[in-house]
Structure formats: C-alpha cells, structure tokens
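Two complexes are shown next, each including subunit A; its partner changes from subunit B in the first to subunit C in the second.
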Partner chain A sequence: VFPLTMAARPPKVLTVGANAVVCQEADIFGHVTIGSGSVIHPKCTILAEDGPIIIGKDNILEEQCVIHNCGGTGAGPMILGDCNVLEVGSRVKCKSMGNRCVVEAKAHVHKGVVLHSDVVVGAKIEVPEGEDVPDGTVLFGATREHNQMGTFSQEAHTQLLARHLEILRKTLPHFHHTQKSTR
Partner chain B sequence: GLVMEDPSAPQDELPPPRVLYHCACGMRTSITHLYVCHQCRNLRCPRCVTEEVDSFYCPNCLENMPSAEAALFANRCSKCFECPSCGHTLSSVFRASDSVFYLQCGFCRWDSLRLGLKSEKPDKLILTSIKRERASPVEQGASKLVERYQKIMSDQQRLREMTLRSRRSFSLSMPHFQHSALKPVTIADLEMQREEKEKELSGKSLDDVKERIPAPGVPEGLRGEFDVSEVATLEQRFCQMGDQPHYLRDVYPRRRHLFTKRSKRCRTCERFVCKPELNPSIVTFKIHYIALRY
Partner chain C sequence: FTPIFYDASEFLETNTGNKISRTALIRGSGHIHPTGKVIIKTNAILRGDLAGIKIGKFSIIEENVVIHPCIAKKKKDLKYTSCTIGEHVLIGQGSIVCAKKVGNCVEIGENCIISDRCSIEDNSLVLP
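== the complex of A and B ==
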C-alpha cells in the first residue's frame, strides 16, 4: 500500500482475541491487539509504527484499509473501539475511535483526530489533523457538510453488523488461512 | 456568431472542434452535433430540429410513465423520494423493534423518523406525502386555476367543433361568437382592457388597501447566534414552495422529478431524425440518423 523499507517494519507482536478472524494476508506490524469477534480481511494493513494499536471487539476491517499509528515517537496507543466498520480503502491514523463508527470507502482520517462514538465518515472524506468529532456526527458531501445522525439508525447499524460478522466468521476461514497470536 | 458550441457541455471542458461542418441554415458545428434528414438530403444542426417529449421515466427506478399518469403526479415518480438534505434517493427501511417502516438516505444518513414520518406499511409513507403535497395552499390555489382554464379550453374546443360543423352545413353561427367569454381575443380588446384597468388603479392610493398581509420576517431564532447546520439552504427552501421552511428539520422529502426521452424531427419536412426506445433501460434508438454514421 505504501513503501516500507525492511528496516522500518517493526516486528509483529500480535494478540488475537477469542473468535476473531485475522486473515494470513493481512499485513500486521508492531504491537497490535485485536479484540474478540473482530474480522480482519486480507490485504488490510495495520502498522503500529510509533506506538501500539488496540482494536476492540466485533470490528470489521475491510480490504486495503490502513490503520497507522503515526503519532510521533513515544506516542501512546491508538485505540479503536467496538463494532466499528472500516470500509475498503479507508486510511485511519486517528488517535482514537469510539464505538459503532463507520469509516466509508477511501476516507482518510488524519493523525491526531479523535472520533467519538456513532460517527460516520462518508466516502472519500478527509478528516483534517487534530479534529475532535463529537458523537453521532455524519460527515458527507463534497464540501464536508455534517449533520447529526438519529439514534434509531444506530440500531440498524448494530443489527446489520451482527449479521455481517456472523457470515464473515463462517466463510472467511474457508477461503483464507488465518493468523493467530504470536507467542 | 455562426459557430454553435454544444449547449449542454460546460464551456471550459472540451476543446473547440477542429473541423466545422455547414448546416443547411448556415450554422457551423462539429460533426458530433449534426443530424441527417433523408428526405431533405441535408444536414440538420440542433437548431433546425424540433424536439418533442416522447416518454417520461424515473431516473432512479427506471420506470416508464405514460404522459397522463405523469401529469397526474405532477411529473414526479410515484415511488421514489429525494432526501431533503442531500438529494439522494431514499430507501424504505424496516425497524424490527417496533415493526415500523421509515425512509432513510444511504448517503447522508438522514431518516424520516426525525420528522415523524413512519408507518406500518411502506405504501402509507407514499400516501401521507402525497396528501401533504395536495393539502398545501399553493397546490390548492394552482389546481383551482388549472381546473378553470381547462374548462375554458374545453368550451373553446366545443365551440370550434360546432362552428366547423355548422360552416359545413351553411347554418348561421354568428350568435355564438357574441358570447363574451368565448370570443377570440384581439389586440384591440386587450388595449381596451388595459386602459380600463389603468383608470381603475390610478384613482386609488396605498391607504385604500383594506387588508394588509404582513411580510414574513426572519424568525427569532435566526437573529444572533445559531447553529448553521440546522438552517435550510435556499435550494432546500424552494423545494417546498408551500411553507418554505427556514429550518432543515421542517423540510420534507419530495418525490423525484421524472426525466424525459425526446424525439427530434427535421423542422422543414417533419420527418423523424432521432427517436429513442420507449423502454427507459434501453439507451439505443429506434431511429438515429446522425452525421457521424455517414
């Protein structure tokens, strides 16, 4: 996805929670903890360069998405909450993300951003550095308009997510080898 | 000038055409804009061609609509709704917790629950929207006017048929023309009416006006500081001519505008030069005599 010299790749220290599915083809570098139930698709890149990355439960990280802790040397851990969906091609470099967020395709969340819960970052949206995005914000449109999302649509999100996770956990291991925690 | 550019393309995107062809009317255009009329054996530019609307279809559900139905629905789709905040098409979503249908936008995550627009059956959502549209005072006023003019038109039509028949049978038709509402209007009549109106109005002054309707001012909430994301843009306000709400929370979803399929005829010989297929999902043409093919 982006050039990394052999020297720049931190050694993989991976902890995978129960029931999580992490495909072999997912590129994981550095100190990464993946919570139970999460599904990491192949060709997803998790790069814990400047600090560890902690991913919560029941997340879906789709293909070609990049999670990069680039908070500067000595930065704290990058924390992603539960039930988030990072769609295809999204790039997430935020300081932290809450629960039930959706980062849509090709969106780019720059470093230092704090996404609270129930946030939807629309397709191809660039969230600039250091933004603090409050609960329930929907970022969409060419001029990055935003409005509050109703609480009811979150019900639909969690239900849909549960169904997706069920199907993914069953079918992905049929077609891909999975990685386990490094010891 | 005598060179016609493509009226639909934005001016700075395409380079100007290198080779220009003369149309029969003297206009010089690129070969891509020219049609060929077989009867006249001539090139026709977009100005030498008359357009007629062939059929209506919804751009979202690609459903063909006969013109009578389209007129009934005010040239809008019967099923597809537009999101008030971003204009994308809404989809009806079922919420299992209290088995209720509501509309949701896939792009900006707007939902109709914040307006209270929900029902147990998806058809009812559509019916309530139509009822709202028809109930607005602007719609009612417009429909009354339309009815009145349609009546006058049908009376005129009947009169024409009667005079035609009576001319053929050589009977007297003069008494009919003296009926004032159906007389063909001449310029002299209009001039007379204008003079009468001017006389009427010149005698009055503003103080004679009995009923004053106060102009709708800016609502209190919009003076001083307010949250910009709650305020409706001008475009969104004009979508609802009835009440033109200031706030986004009062803007209701509208039904999607229909698009048209147009056929083109040569202006001189009335022959078809371009006729599309009726089916909206088929993009080829039944008749397509364009200069590029020759």
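== the complex of A and C ==
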C-alpha cells in the first residue's frame, strides 16, 4: 500500500513544537519540524526523504497519512502551513501547502504541486504533478472540477479546528505515548 | 459461502470468539466492544480512544480498514461520538469508516470512504 522501502530510510531528526502531540506509532523519518499545537495521529508516516519537512502550527494529520518529500535530491524543504487537516489515508507529496487546507480521505497530491491557502482536495482526488492550485479552490469529482469557494468562512474553519484540536490534545495523550524532539 | 482459512498464530482469540489480528492497531480497547465472533484482520485501525466503538456479532473487518469515530456538534460543542456497527457487517479492504452508525447486514466494498456522521441503514450495499 505505501511505497516505502525499509532500506533507505533517513535517520530521524525531529523537532516538536510546544503543545504538539505526536503519537508514538507515527513513523517519522528524516529532518522534520512540527509546529506548536499540531496533532499527529498514530500510523501517520512523515518521510523527509529528499529534503526537510516543515509542518506548521495547529495541523491535524490523521491515520495512514503519508507526507513524503520526494522532490529529487537536493530539493528544498516541503512546507505545510497552519491549520491544515489531512484526513485518513491521504498522500501528500506537494512542494508546499498553505493554511487552512483540507485534504480529504485517500486523496493523492503529487509532487511539485503548490497548494495555496483554503484549498479543499476532495476524497480520492489525484492532483497531478506540478499543478499550482490557487486560493480557495475546491477540487472534486471525477473530472477534477475546480470551484471557487465564494462564501467560505476562514474564521469558522479555524474556530472549529481549534476546538477539535483541544479535544484531541486532551484525549490522545491518555491513550498514546508521545514522541518528543530528538536532540 | 466459502470458508475463510486463516493463520491461527496471527490472530488472538477472545472468550466470546472474536478473532483479532496482532498487527491491528487498537487504541482505547476499553471503549471498543465487539459482541462476539467478530473478525478483525491485519493492519486494521480501530480508534477507541476517541470514542466508543461497538461492533455487532459476526462482523468482518478486513485489512487496512480504519474505523475512526467522528466528531459531531452536541449542544453547540464539539464532541467525539461513538461509532456503532451492526451485526453481519462486512467492511472491505482499505475502507475508511468515520460513520456514526452502520446498520446490520451491510456490505461495504473495498476502498470505500464513509465520511463523518453518516448513518447507513440495514441491509445496504456500499459499492467500491
């Protein structure tokens, strides 16, 4: 299911921000920085293969997510912004992601893609390589139709997310061991 | 019905006849209630830590399935609500179930995504 070979996994150099909850079962390889307040569920895979990965504040990375920096050797860092939600089973290999994006279940964002803020990638959507997705786009449907989100409220998203994150940050440490920064 | 053969060393069997794979990720087992003769296959993920999960009799949860209770608004506050799965349910490989309720005798195909707060009635078929 996941195209990762055991052989060439880079050593883990992890920096975890304040208040972030990273579960023990999350597989993290390579140079990864996780911002404050983010919640990483178990069985998430963060693979900084070709360059570091910088994950912003208040993100939620759910189970079976794969975040893979595969930009070729010598690639720059892969930056995920704040307040994103990566749902179960999504695979993200993009160059960068803005704030408040939602990548729904089993979506696959290929490498070289630049997602700007407030993008919603629907379930099982494949975003092709190198695409530049502008602010507020919703990708859905078999034909990947784009749709501008006119009346989308950014405050509503961040408020709901903040409450969701509070609940997760309280309940997850009861049931999981958490990972701390290496160093 | 063809009999399903399994590798006995890979599964743990409980008193009530549940067969749970050793590689399944089960968190919050206090909140997970399989009511007998349930089969949970390899690499399934059951997140009981978020909310209760009730699985009815004779259900089969295939490989790589994620059962992730959803978050819902209750009296203007967000709260994780429990996930109830009925009897004789077959959840196909790779599916993601974030539903609130799955009825009895449901067949969920492979690689399906059942999103938050869904309620699937009895005797339904969800195609892959």
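To be clear about the criterion, the second predicted complex is superposed on the first by the 174 of 183 C-alpha atoms of A that agree within 3 Å, B and C clash if a C-alpha of one lies under 4 Å from a C-alpha of the other, contacts with A are read in each partner's own complex, and residues count from 1 in each chain.
We adopt the following convention: a contact is a pair of C-beta atoms (placed from the backbone, for glycine too) under 8 Å apart; a residue touches a chain by one contact, two chains touch by 3 or more.
Owing to the predicted nature of the structure, the values given are computational and were not obtained by experimental measurement.
In the superposition on chain A, A:V138 makes contact with subunit B only, not with subunit C. Residue contacts after overlaying the shared chain place A:E155 against subunit B, while subunit C stays out of touching range.
Shared-chain residue A:P77: touches no atom of subunit B or subunit C.
Of the two partner chains placed by the overlay, neither subunit B nor subunit C lies in contact with A:G112. Applying the stated contact rule after C-alpha superposition, one finds that A:P10 touches neither subunit B nor subunit C.
When the two structures are aligned on the shared chain, A:V120 is found in touch with subunit B, with no touch to subunit C. Judged by the number of subunit A residues each one touches, C leads among subunit B and subunit C. No residue of subunit A is contacted both by subunit B in one complex and by subunit C in the other.
On the subunit A side of its complex with subunit B, the touching residues are 120, 122, 138, 140-141, 145-150, 152-153, 155-156, 159. Contact residues on subunit A toward subunit C in their complex (touch as defined above): 1, 25, 41-43, 62-64, 88-89, 104-106, 123-124, 160, 163-164, 167, 171-172, 174-176.
Within the complex formed with subunit A, the residues of subunit B that make contact are 85-86, 93, 95-97, 102, 104, 107-111, 113-114, 229, 248. By the touch criterion stated above, subunit C contacts subunit A in their complex at residues 25, 27-28, 45, 47, 49-50, 64, 66, 68, 71, 77-80, 94, 96, 98, 111, 113, 115.
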